[in-house]
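See the structures that follow.
In the two complexes that follow, chain A is the common piece, with chain B as its partner first and chain C second.
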Partner chain A sequence: MADQKIGAYICKGCGLEERLDMQQIEMTATRDGKAAVAHQHDMLCSKEGVEMIRNSIESDEITHTVIVACSRRAKVEAFNFSDVAVARANLREGVIWLRPDSDENRETTQEMADDYVRMACAEAKAMHKPSPSGEQDLNKHILVVGGGVSGMTVALEAAAAGYPVSIVEKSGALGGHVAELYKRTPQHAAPAGVANGRNVDLPGAEDTGIEEMIKRVEENADINVHLNSTVAKTSGAPGRFSVDIATESGSTTTENFGAIVQASGFKPYDANQLPEFGYDRSADVVTNLELEALAKAANGGPIKRPSDGKEVTSVAFVQCAGQRSDKEGHLPYCSGFCCTTSIKQALYFKEQNPDCDTTVLYSDLRTPGAAGEDFYRRGQQSEVIFTKGDVSEVVTNGELTVKFKDIILGEDTEMVADLVVLATGQVPNSGPDPYAVAPSDDDEEEGGDSAPEENTVTVSVESILNLDYRQGSDLPQLKYGFTDSHFICFPYETRRTGIYAAGPVRRPMDIKQAVDDATGAAMKAIQEVHNAAAGRAAHPRSGDLSFPSFRKEGCTQCKRCTVECPFGAIDEDEEGYPQYNESRCRRCGTCMGACPVRVISFENYSVETVNQQIKNCDIPDEFDEKPRILALACENDAYPALDQAAMSGEELTPWARVIPVRCLGSVNLSWVTDAMNSGYDGVVLMGCQKGDDYQCHFVRGSAMAAERMSKVGDTLSTLNLEPERVVIHEVAITDIKRAPQLINDMAKVVEEIGMSPFKF
Partner chain B sequence: MSTNTAMIEKYRNSFLKEVEANVEEGDWVKMCMQCGVCSGSCPLGKDWAHPPQEIFMMIRAGKREEVLTSDSMWMCTSCYNCIVRCPRELPITHIMHGLAHYAKRLGLAPKNQPTMKFAQLFWDNLAKKGRVNELKLGISLYFMNGFGEGIKTSLKMKDIGLGMLKAKRMSVAEAFGGHAVKDLAGFQKMLKKAQELEDARLSQHG
Partner chain C sequence: MTEVVATNETILVVGGGISGMTAALEAAEAGKKVVLVEKRPYLGGRVTQLYKYFPKLCFPTCGLEINQRRAKMNPNLTILTMAEVTNLAGEAGAYTATVKLSPRYVNDNCTACGACADAVEAEFDDEYNYGMKKRKGAYLPHVMAHPAQYVLDPAIIGSDDAEKAKAACKYDAIDLDMQEEEVNFSCGAVIWATGWQPYDAAKIQPYGYDRFANVISSVEFERMSDPKGPTGGKLLRPSDGKEAKNIAFIQCAGSRDRNHLLHCSRICCMASLKQTTYVTDAWDDDADVSIYYIDIRAIDRFEDFYQNVKSNKNVKFIKSKVASVTENKENGNPVLNGVDTEGYNRYANEHDLVVLAVGMQPSVDQDSFPVDIVVNREGFIEQSDSNGGVFAAGSASDALDVNRAVQHATGAALRAIQVVNRVAGAEG
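Up next, the complex of A and B:
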C-alpha cells in the first residue's frame, strides 16, 4: 500500500481547542498515525473547512481521510466524501463532552483524545473506498403477489409512479376478501362541528368500491394481471429477481423483476375450532365473513337466517371469538378489525329494522381509525345494545341461547337470539416459516410444520414465494405467523431484502390500514429497485455501498455465514463456498462476526479495521494505574445513546475506548481475545435487545452475538483471566444515563479484581 | 290498570325505550360507553347500591324493577362531577333525577326514602305560599321520622333556635300562616297550569 496517503483534518471548534492540546493531537496523527498530511481548522464543518478537505482529495494529495472532530453521527452531510475512505475520530462527543473540565483530568482527557486519533488513523489505513458491485441494472418491474385490496393498491400506486407491475393472484378473480363484503366501515370521522350528542349525523357504512378498483387495475396498461396463477420459483436478488409464474393449466412463464411485494392477506379463522359456540351444530351460528354473504344476499332487505329462512329479529354478536385467548387453537392476538365490523353488521340489522334486537357482547371494544369512535356512537345511537360480557357458551336446542357473564353487573345471564355472529379473526396467509422449530415444540409454532394432528392456527403451509434461497422458501415469520420485520423502525423491510410484505400478512388489519400499508410497501419497493441498481443498501444502512466479500483460499466451507445471515443473503455454490448476493445484503456484518477463519470483510469495515483500532490504543503499563476498557458499541442504539449521554453532560470513565460496530452480530470473537491479549482490562459489548420483542436493527445480530459470547468464558479461563472482564449488555437508544454507567461499572470491576496481567 | 302495569305492557321488552320516552334526558342512556368515569367521580359513589355506570347497564339489560325500586339515584347530591367528566357528555345528574322522578310517579320508589321525603316536604311547603317557610320546613324536617325523634331533635337544636330568635333571624309569627309571594293567587294559577301541561304530556306518552 505504497500509494496510501492519509490526511488528518483536525477541528478546533466546539471547545476542542480549549480542552485539548491541538499541537499534540496533530503530532499524534503524523507521528503515530502516519498521516501524510495534517491540517487544523477552526471549524472543520464550515464551508471553508470542507473545501480544504475537498481540495486535498481532488489534487490527489490524499486517498484516506481522517476527520478528527465530532461523532460519526454528527455533520454527516458535511463530511460526506464518497470518493475516499473516511474514518472519524470522535473527540467531541467521545471525549470532551463526556469528561469533566478540570486540571486533574486534563492528562487523562488528552490521552483519550490521542488514542482516538491513533485508532482512527489505524482504521483508515485498513479501509478501502467502497464501490458498488454493479451486479444489477435498473429493473423497474415490480411483482405483486396477491390480488386483494392490498395487492391492488400496491399495483395502482407503483403504476401511477411509473413502475410497471405484474399481479399474481391465486384465485380466478381480483378483490380478495373485500369483494365478499356487503359494505365497509366508514373511513372518515364526522365533520368538525358535529356535536357530541345523541341524535346527530354520524358516519355510516360505505360501499366497498372494490368493483371500481378492480376496473382501474384492469384498465391500467402498466398492470399485468395473472389470475389462477402462483409463483412457482423465485430466484436472484433485488434488481434481478427471476420469477416463474405458473398458471393452473400448467404453463409457466418466467419474468424478471426489480422488487417483490407479498400481499397474500389473511385466511379467516376456522370457527370449527369453537365447539363451545355451536358453530358446527347450528347453521344459525355464523362467522362475521359469512354474515357478509347473508347481507349481500338480502341486499338491503331483511336478513334471513340460514336454517329456515326466517327473518332475523334478534341477533347476538360474540366479540373476540377464538381470539385474545390462550386456549389451544385460539388466536392469542387481537385482529383489530372485528369490533368495527360487528358495529357495521349490527347496523345492517338496525337500519333495516329498528326493532331488531341487536346485542354486541364484548370484553373490550376497540374501534381503530379516524371514524372508529364516531361509528361506535352511530351504533349506540341506533340502539345497538353493547354489553360487556364474557360469552361462555351458545346452546343450540332449537333456539340459540347465548350464555354469558355480564362483567359490569357481575352476574351470569343469558339471551335468546335468532342468529349468532362470531367475530372471528385473521390468520396470516404466510408460507412455511424457514426458521420454524421442529414439530416437537408443540405450543406456539405455526406455519412451520404440516403436522395435521396439531391444533395449530395455520391451515395451509403451501409456499407462496418458493424462494430459491439457501435459507428457506418464504419470508421469515414472527411468533404468530406474521411476517417478521423491525416494526418500530422499518416495518416494511422483511428479512428478505427487496421483498416487502403488505396488508394482513404483516399484521392483522382492516381495509383502511391495508391500503395505507400497501402504499408504504409500494414506495419501499420503488426505493429498492433503485437501491439495487446503484448497489446501495436498504434500511438501516441506507445508501451504504460496501458489501461483503470473502477470501476463497481461507474459507473452510463451514457454512456458518450462510446459516447465520439474518437476511438469507448468502447462498452456496456447487462447491459449497458461500455465494454472496450483494443486493440481498443489509451490510450488518453478521457473517463477518460468524466466520471462524476471518475471511469475510467489507471494504470499509473488516476484522482488520477494528483490530487495528484495538491495537493502536496506548496501553500504559501496570504501574501507571491506568486501566483500559474496550467498549464495542452497536452504531444503531448504543453508540447514539453514548452520544446523547455526552450531550446531556453524563460522565464516562477516562479509561474507556469506544469503538462503534455495525451490529453486535458483526463482532468477531477474535476482537475480544485480541483485546485481552494486548492488555485491555475489560471489554463491554453493547447491542440491542434480542428475543421475541427484539430491537436489533438486523433482527438476529444481537442474539447471535449473545450466543457466541456465551462461550467467551472458556477462552478467558484458558488465558487465566476472570470471566467478569467481558460483559455483554442490551442497550436501548433511550438508555442515556445507563449506557456510560455500564462502562463505568466495568471500571469499578477492574478496580476490584485488579489490572490485567497482559500488559507489555 | 295502574300506570306501572300500563308501562310494562307498552314497552314489553325494551326498558331502554321506556326510559327514553319517559325519563328526563333518558334518550342519552344509550350513548353510555361504560367507561365508569361517572362511578369513579361520584363522591358518594361507594354508598350507592348501583353507581350510575351500573344503572345505565341495568337499563339496557332490561332490569326495570331493579332500577326503578333502587334508591341509588336518590343518593345523587347534584355535585355535577360526573357531568363534567363524562367523555360522552351525558347529563348524568339530570338522568338520575329523571329516573327518581319517574320511579316516584309510578309508585315504585322505595318507601321512606329520606331524600324523597325531604323533596316532598320542601315542595308542599313551597307550593302553599310561593315561598319557603323556613320555620315550618325546619320543624317538619325534625318530625319527619316520627314524634319522638322530632322532640329529641328539637331539644338538641333549641339553643340555636333561641339564638336565632334573639338575633331576629327567625320569627315565631311565621308559624301562624307566614308571609306569601305578592300575587299568591297568580302563583297558584301558574302551578295549576303547569300541572295540566305535565298531565297532558304524560297522558300522551304514558
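Up next, the complex of A and C:
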C-alpha cells in the first residue's frame, strides 16, 4: 500500500466551529493522523463541500478519505465516495451534542474531538476500498423444492419475471395437499356494492384451481419439473449452487442454480394421537383432510359416512383438535387455517341439504381479515351453528356422542352426530434442525427455564436439502419445527443466504397466505441471484461489497470461525482450513471476533482497523485524572441510540471514546485486552438482546460475544485488573437515556476503583 | 424545480410506510429503478409511531434503522416526501404519473442541527403523537426521521416565526418561497402501499371516545407507552394525570361490526395483548388488566404470546361485546356496561382508563383513486388482472400485521418487476 494517501475533510458547520478549535483539529489530522491533505469547509455536506472533496480526491490522488463532521448515519448520501476508502470522525453527535457547552468543558471536549480525528485517520489507514471477489457469475436459474401450491407459485411468479425454474417434487404429481381438496375457502371478501346487511350474497367456497395451475406449470417453457425426485446434495453458495437431483429409480443429475426456495409444505397432524376423540375407534371420526376426500367422492351429492354409507344428517366439527394445547403429542400453536376450513366444510353439508345439522365447537373462532370475516358471516347466514364449547370426549358406542362443556351456559353437555370432523393442524415438513440440541446425557444443560421450549412436535428427520455445509444439512428452525424468520420486519431473513423457505414449512397457513408468501420468497430468490453476481451482501448489510478472508499462514485450524458463523457460510477444506463462501456471508464479522489468532479480516473492517482506533486515542497519564473509557457499540442499535441521545440533549462523559462495530459478535477479545494494556480504564460493550427473543440481526452475534466475554475476567485477573473494568450490556435502539448512562456509569466505577495502572 | 428521472422500466411505489419501503427496497436491491412517493415528511409510516412489535416486543425503530440505511445506500431509489400521486395515465408498462409536492420550506441543505426549531415560538398539535403533545412550527417529525430534514408548518409561513427560522439557519436551508409543485414522470408499474388509518373511535358512539377523557384509542396508548412519547412512557390517564393501573381493553372497537367495519382487523387482539405487557411491566403486581373480547385471534405462533399473557393472574379475559361506556362523575373513571357471555352475568365495571382496540381502515380513497381499480366492499384493493400494472402491497390489500404486510409487499415488488421486465424485453 505504498500509494496510500489520506485526505481529511473537516466540517465547521452545525456549531463545530463555535465549540472546537478547528485549526487544532486540522493539525491533529495532518500531524497525528498523517493526512497528506486537510481542508476545512463551512458546510461540508453542501454541494460545494462535496465538490471540494471530489476535486481534492482527484487532484491530490487521495486513496483514503476521512470525513470529520457528523455521525456516519447522517448525510450518508452526500459522503458516499465509492471510489475510495472512507472513514468518519463523528464530532457532531459524537462530541459536541453530547457535551455541555461551557468553558470548563472546552478542554475535554476538544480532546474528545481530537481523539476521534486521530482514530478515524488510523482507521482509514488500515482500511482498503472493498471490491467484490467475482466468485460468482449471474445464474438466474432458481431451484424450488416442493411442487405444491407454494412451490408452483414460486415457479410461475419467477418464470413470469424471466427467471427459469426447476421444481423438484418428491411425489409423482404436482399439487400437494391442495390437490386433495374438494374446494378451497374463498380468497376474496364480498366485492364493492354488496350491501351491508343480512342474507346478502357473500363469497362461498371456490374451486381450488389446482388443475389449471398444474397445467400452467407444465406448459411453461421456463419451468422444468422433476417428479419422484429429491435433492440428494446441495453444495456451493448463492449464484453457484450445485444440486444433485436424484430420481426414485436411482439416477442422478446435477444442475446449477443461483438461488433456492424450499417449499416442502406440511404433514397433516396424526389424529391417532387423539384417542379421546375416538379417531382410532370409529371410521366416522375423520380429520378435516379426510373429510375433503368424502366431499370429493360425493362431488356435490350427499356426503356419506364411512362406516355404513348412510347420508350424513348431523355433523360436529371439533376445532383446535390436538392444537393450542400443552398436552404431550399435541401442537402448542394454532394452525390458522382450520376455522375457515370447518366453515367451508359445514357449507358442503348445508348447501347440499339445508336441514343437515352442522355444529362447529370452538374456543376462539379465528377468521381474520376481510375475506375471513365475510366467510364467517356466510356460515352464519347458512345457519351453521357455532358453539363455544370445550370438547372433552367423543364416545363411539354405535352412535357418536360428543361431550363438551358449553362455555356460554357454563354446563357440561353432549350432542349426537353422524359424523365428527377433527379440525387438525399442520406439522411442518422440515429437515433436521442443524442447531437442535441433542437430548443430552450429561447434566450440564439442565438450567430449567427453557422447559416450555421442549415441546414435542414430531418433525421429519429426513433431510430436504442435503446441504453440503459445515453446519448441517438443512435450514435452521425457529420453533416447533418451522423454518421461519425470527424478525417481524424481515420475514425473509434467512440463516442460509440464498435459500428461502416459503409456505407452511415456515409457519402454519392457508392457501392465500401460502401464495403471498411464495411470491415474496420468489422475489428474494431473484434478488439474491443478482446480489451474488455483483458480490453484494444480502440483508441486513445490503450492498456491502466487503468480504472476509484469512491469512492461511497464521491459521491454527481451530475451527471457531466455521462453527460460530451464524449463517453457515464457512466450510473446511480437505486440509482443515476455513473455506469462505463470499455469497453466503452476511458480513457481520462474527468469524473475525471468534478468531483467537486474528487472521480474519474484511477489506474495510478488521482487527487492525479497530485496534488502530483504540491505539490512536491519546491516553493521558495517570496523574492527569482523565480516564479513558472505550465503548464498542453495535452499529445498528447501540450506536444509533447514542446518536439519538445526542439529538435529545443527553450527556456523555468526556472520557468516553465510542467505536461502532458491525455486530458485537465481531468484537475480538484482543481489542479488550489491547485496550486495557494500553491504559484504558474501562471498556463498555453494547450489543443487542440475545436469547429466545433475540434482537441481533446477525442472529447469534451478541450471544457469541457474551459467551466470549464471559472469559474476559481471567484475562483481567492475569493483568491484575478489577473485573468491573469490562462490562457487556444489551442495549436497544430505543435506549436513548440508558445508552449514555451505561458509559457514564463506567466513569463512576473508574472513579471509585481508580485509574488503570497501565498508562505509559 | 424537482426533477425525477424515470422511464417505463421504473417502478412507482405509492406510500413509504413499512410496506411501501419494503417493496421499494426489495425492487431497488434487485436492480430496478424505483420512485417512492410518501405523503408524510418522512418514511416509515405508522410503524414509526409504535413502541414495540408483537410478539417479540422488539422495537420498530431497529428494523427502521436497517431499512433507512438500505434507502440511503441505494442509488436506484428516488424518494419524494410530502408528495402525493394525483394522476396516473396510461396502462401497464407505460404510465405517466403526476405527483403533487407540498412545500417543506426546507431544502437539502438542512443538516438537522435544530437551530430553526430553537428560534420559533408558536406550537401546534404533534401529528406524530396523535395530538397528545405539542411541537414547534419548525420541527423534525421524530428523532429518527428520514430524510433527516426539518419541516416548517405551513401555518407559520408569513409570520414572524418563519422569518426567525430563516434567520436562525446558517445553511440557507430554509426557503420560504417554496411553492407547491407538480412533477410528471414515466413508470411501468405501480405498487400501491398507502396503508391504513385507525378507525375513527368517535364514531363508536356508545363508547364515548369523544365524551370521556379516559377513553383513548389503541394507537394513542402506544404513544403513551413509548418513553419518547408525550408522557415519557408513563401510563397516566388524560383527565387528571393519575397513574392508570386498572386498564380495560375493548376489542373489536369498530371492527367485526355491521355499524362500522365489517372485517376483522387481525392485529387488534395481538396489539392489546402486547399493550397488556406494557401495563404489567409498568406496575407489576399492581397492574389490573381486563380484556373484553369476542374471540382472541392469536394465530399460529402468536398463540404462545396469548398463553403467556393469559397466565398472568393480573389479567382478566371477559368474553363480551361491551354495550356501553359511562363515566363515574366523581372520579372520572369510565364504567363498562355489558353482559359477560360466559355465564350471562351483567357487569358495570369501573376502570382507570379504557383503551379501544380500533380497527384498520384502508387508506384507499376510491373516489380520488387515479385509475380504475378493483376494491372489495371494505375498501381493500383486490388482486385482479383488471388492475393493469397496479399492485396493492400491505394493508392496502387487507388487514395485515407488520410481518404479513412485509411479506405481501415483497411479493408485490415481484409483480411490478414482472411488468417492467416485459417492458425491458419488448424494448430490447
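Going forward, the second predicted complex is superposed on the first by the 725 of 760 C-alpha atoms of A that agree within 3 Å, B and C clash if a C-alpha of one lies under 4 Å from a C-alpha of the other, contacts with A are read in each partner's own complex, and residues count from 1 in each chain.
Heads up, the rule we're going with is that a residue touches a chain if its C-beta (ideal position, glycine included) is under 8 Å from a C-beta of that chain, and two chains touch if they have at least 3 such contacts.
Because the structure is predicted, anything quoted here is derived from the model rather than measured.
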Clash-or-fit label for the pair chain B, chain C on chain A: clash
Contacts of A:S235 with chain B and chain C, given as first, second, both or neither: neither
Dominant toucher of chain A (residue count), chain B or chain C: C
A:G336 touches, of chain B and chain C: first, second, both or neither? second
Partner chain in contact with A:I408 - chain B first, chain C second, else both or neither: both
Partner chain(s) touched by A:N199 [first = chain B, second = chain C, both, neither]: first
Touching partner for A:P508 - first (chain B), second (chain C), both, neither: second
Partner chain(s) touched by A:T387 [first = chain B, second = chain C, both, neither]: first
Overlapping contact positions on chain A, where the chain C interface meets the chain B interface: 196-197, 365, 377, 388, 408
Residue ranges of chain A in contact with chain C within the complex: 13-15, 43, 45-46, 70, 73-77, 80, 157-158, 160-162, 188-194, 196-197, 324, 326, 332-336, 364-374, 377, 388, 407-408, 410, 479-480, 482, 484, 486-492, 507-509, 513, 516-520, 522-524, 526-527, 530-531, 539-540, 542-543, 636-637, 640, 644, 647-648, 688-689, 693, 695, 697, 732-734, 736-737
Interfacial residue positions of chain B with respect to chain A in the complex: 13, 16-17, 27-28, 30-34, 53-54, 57-58, 60-61, 63, 88-89
Residues on chain A engaged by chain B in the complex (per definition of touch): 196-199, 357, 365, 376-377, 380-381, 383, 385-388, 406, 408-409, 413
Residue ranges of chain C touching chain A (in the complex, touch as defined): 18, 25-26, 29-31, 47, 53-54, 56-67, 69-70, 72-74, 109, 111-114, 143-144, 148, 170-171, 226-228, 256, 258, 262-264, 266, 295-304, 307, 319, 341-344, 366, 374-380, 382, 398-400, 402-404, 406-411, 413-415, 417-418, 421, 425
